[in-house]
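These notes concern the structure reproduced below.
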Amino acid sequence: MAHVANLREAVAGLVRDGDSVALEGFTHLIPTAAAHEIVRQGRRDLTLIRMTPDLIYDQMIGVGCARKLVFSWGGNPGVGSLHRFRDAVENGWPQPLEIEEHSHAGMANRYVAGASGLPFAVLRGYVGTDLPKVTPTIAPIECPFTGEELMAVPALRPDVAIIHAQQADGRGNVAVWGISGIQKEAVLSARRAIVTVEEVVEELAPHPFQIVLPAVAIDAIAVEPHGAHPSYADGYYDRDNAFYEAWDAIARDRGMFRSWMDEHVLGTENFGEYLRSVRAEGMVSK
Amino acid sequence: MTTHGEKAGAAASYTADEMMTVAASRELADGAVCFVGIGLPSEAANLARATHAPGCVLIYESGTVGAKPDVLPLSIGDGVLAEHADSVVSVPEIFNYWLQAGRVDVGFLGAAQVDRFGNINTTVVGPYESPKVRLPGAGGAPEIAASAREVIIMLRHKRRAFVEELSFVTSVGHGTGGNHRAELGYTGAGPTVLITDLGVLRPDPETGELTLVALHPGATVEQAREATGWNLKVADDPGSTDPPTEGELQVLRDLKARTEAARRGTST
Amino acid sequence: MAHVANLREAVAGLVRDGDSVALEGFTHLIPTAAAHEIVRQGRRDLTLIRMTPDLIYDQMIGVGCARKLVFSWGGNPGVGSLHRFRDAVENGWPQPLEIEEHSHAGMANRYVAGASGLPFAVLRGYVGTDLPKVTPTIAPIECPFTGEELMAVPALRPDVAIIHAQQADGRGNVAVWGISGIQKEAVLSARRAIVTVEEVVEELAPHPFQIVLPAVAIDAIAVEPHGAHPSYADGYYDRDNAFYEAWDAIARDRGMFRSWMDEHVLGTENFGEYLRSVRAEGMVSK
Amino acid sequence: MTTHGEKAGAAASYTADEMMTVAASRELADGAVCFVGIGLPSEAANLARATHAPGCVLIYESGTVGAKPDVLPLSIGDGVLAEHADSVVSVPEIFNYWLQAGRVDVGFLGAAQVDRFGNINTTVVGPYESPKVRLPGAGGAPEIAASAREVIIMLRHKRRAFVEELSFVTSVGHGTGGNHRAELGYTGAGPTVLITDLGVLRPDPETGELTLVALHPGATVEQAREATGWNLKVADDPGSTDPPTEGELQVLRDLKARTEAARRGTST
């Protein structure tokens, strides 16, 4: 059952070295505050799971949190490459990164299977591509009624799922509106779930295309205003596009990356300080 | 920057990229349900919606159905996609209930590399285990290429992008050609057109091999051959693309100007 | 793409003799107006599909529209038996009724598979029950990764799905809020879809737990105020509980059933007249 | 209508049905996630929520999670279930993401017939092909019985309901007894208690056979034997259920009075 905690406690209590961790978000509501806290607490050997690894996974990979990445599209959305991700895959820096690669449809259905308590999901896809050659977690399966051959993928059951949402109510129910991506399935597929929110309100109001995750599905809620920076939170703030563009240069160089992380993430106590620190450099639009 | 423009009603001056986007936008029929990739495809699809295809239904993989962005989305899950959408659904729903279920008429894709059969690579350049360039990966493309009724690909014509052999087949076009795509069990028609900044390629109805069937104004067969990593098949009498109209160009430039203003990030 | 039609035209054009038809609703937003129109137009040999067949299927079975019923729970919700359904199964009156029987989880997943363009769905269930002995559309399937045995059920692909919703907007998008049951999957699994709505509004407003079915997924929309009677429409009217209770006595007797149908359904031109007709007997609470 | 009531703090007078509901409500622990069937289970679960278990999370198969109805729902999809719910989700989600995924602690079921191993029939009386009585069918029960961590069954004690052999096994309890349930691959404990209007039955830990372990005040072993269609196993020293307290009874009667007023259908 959800309880409102501070993020440091939530991460300390629920994210362990060696865990498989899914910090989800489909370019909206990226859980940056939580990712930074994992970096600050120096977690190691994580299996990072995500459909769309972006800046926060670039950061976690670059500082050496990750042993493995399970994913379907890794990039700086709207800008280009993830240089830390590429450096890990292409050059094994700072350490080798095992990868398990799927398509979006495959990853989405793996979460659905996990959230459904099933060992696998079935989809039309992968046939004729090179993905089954490099990804062992893809296998053919036959329809017992029609004989048709389809593809199966195993369920994802992360040890921990972490998402950022707009609001929680007083009972610990969590509201996400606008684009909600794979957030619901990520939370429900995981053994433990942490949600950071923009704010806690007494009662949730209806918003367009809102989903509500009941309190009983969540282990800890932490209030982290602007916690999805540099992505956006529908109803709260816009994407900090300048930051995404600036990240390209920061992440391109190992030294520059390290000193940036040291200054803004490892050198700050919490996400509020991080925001002040990057704002001082004019990197937060709003 | 090369500029063109001679025909009556045509724009006085435009870039090759603008020609490419305009040509691609014309491929989208009004009323079509279109699954849109980010970048060039999104630009072309929104140009179509703002010109001849106001009734097209744009789907983005982040879950927006009937998106009507007033600026081009900066990312696949941009807020402008949800704002005036007919509906916003979860990512599993968009892939299962919309794409896989056969509700998508046109898949609109970009690529890093393409081969002569319209197969696409967005995974790696070089060997998978020790890549020269690690690309972003599959994303939604394999299933868009698989399940959309037809696929439009947009890619700037360059020798390193138009390759004899893909490092990795991320998304299937016409496979090894001929009947191969159907033999793999795919029901959709696969890539029916590849729009480049030089011209238009369509698959040969028999072999599935992409054939240069039209050149944009000013482009030549030689340029296209030179920018293609395989021995490019050229139609006997390649046509010529109509240059962008003043209207098309105005709408496209307005769209891009609004987008650039938003990208600078001063809006709230 | 949705167009606003009248219900008579929509049913005439989209529902054919011999079709498989799913009129869905999970005790909320039951599409009664559409069911009556099918009865009035004298459709025959229908395969009726529904998780929770209730009064409208009792009526359709009782007047002889149906050849077969695919279902998981058939009753008068909160009251008791469906006497016309029972008479058809127990005594073959007015004609034999073939049945194909699943659990709710099985039916729900069959719709999901249909909506997903897959030939089958997988679930944990049925094992050890007598359902697989009497229902051929249940088959074991093995997980290709774990070897675990689960159960498969084939997709439902109704020729026509019909639901009742609160609102459509000017573009033909349909909003359902409150309990939305299996309505989304029913519509998306079907080849053709008809939606009756309480009203058309210019723009949909957010409501709690709202889903929006895009216009492109719907073939015809017809405005039928109070069209879910005697069930309820969240935000519009309550359940007419007296009607559900009265139905028990009406449906228990073949003759009484027939004369009731003759008077109120077959003897009226449309749903508005039906409402006036039953109101005259004091059978609509509101 | 039999009435009882002697103990201190106990209600002066109550019916056997009230005793059954109160006894069942006491089985629900505070904070438990409970998947609730309509009718008696819904009555007992809501009594529990209004008395000792305010933190229990009630799930109804229509898709409501954390339902907090102020009157008893007239149907499984009643509007009062959605009104103050923590969330309302689709029917596939409630069965897949909540029940099948193992998020439900307690399944609360009624039945038409039960056998000595807590298997349930809600399908037919008589042969399936030509039934004497066609019952409503499975509904959500088979998967509730399969996937909830434990199952509470409520059923009035009658010979025609407590049968030697079920006409049809709709939902599995302890199967043929012993290890059978686990051998079928079910992870949940199955029926851990059957509450009737005469007493309380629990499965024998070895054989899984339902055993009368407590009698409600005024009920006798002979009554229970007479109302059971098999040779009922009785604990060596069956306990006695505490009668309803004044508080329990007051809350239950208020709940039913509010429900009856709503059922008469004059509210808007």
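Note that the chains take the letters A, B, C and D in the order they are written out, and that residue 1 is the start of every chain.
We take it that contacts are C-beta pairs under 8 Å (C-beta built on N, C-alpha and C of every residue); 3 or more make two chains touch, one makes a residue touch a chain.
Values in this document were obtained by computation on a predicted structure and should not be read as measured data.
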Minimal step count in the chain contact network, chain B to chain C: 1
Chain pair with the higher count of C-beta pairs in contact (C-D, A-D): C-D
Distance from the mean Cα position of chain D to that of chain A, given in whole angstrom: 41
Interchain centroid distance [CA atoms averaged], chain B/chain D, Å: 58
Separation of chain C from chain D, taking each centre as the mean of its C-alpha atoms, in whole Å: 28
Shared interface positions of chain C, touching two or more other chains: 112, 117-118, 123-124, 148, 184-185, 208-209, 211-212
Chain D residues counted as touching two or more neighbouring chains: 87-88, 96, 100, 147
Graph class of chain-chain contacts, one of line, ring, star, complete, other: other
Chains that touch, pairwise: A-B, A-C, A-D, B-C, C-D
Touching residues on chain C, where the partner in the complex is chain B: 1, 112, 115-118, 171, 173, 184-185, 188, 211-217
Chain B partner contacts - residues on chain A that touch it in the complex: 26-28, 51-52, 71-75, 77-78, 81-82, 85-86, 89-90, 101-105, 108-109, 111-112, 123-131, 134, 148-149, 178-182, 184-185, 208-209, 211, 232, 234, 238-242, 244, 285-286
Interface residues, chain D side, partner chain C - complex: 38, 61-64, 73-79, 81-82, 85, 87-92, 95-96, 99-100, 123, 128, 130-134, 136-143, 146-147, 168-172, 175, 180-181, 184-186, 262-268
Residues of chain D defined as touching chain A within the complex: 31, 33, 55, 57, 65-66, 86-88, 96-97, 100-103, 147
Contact set on chain C toward chain A in their complex: 117-124, 137, 139-141, 143-146, 148, 150, 152, 154, 206-210, 212
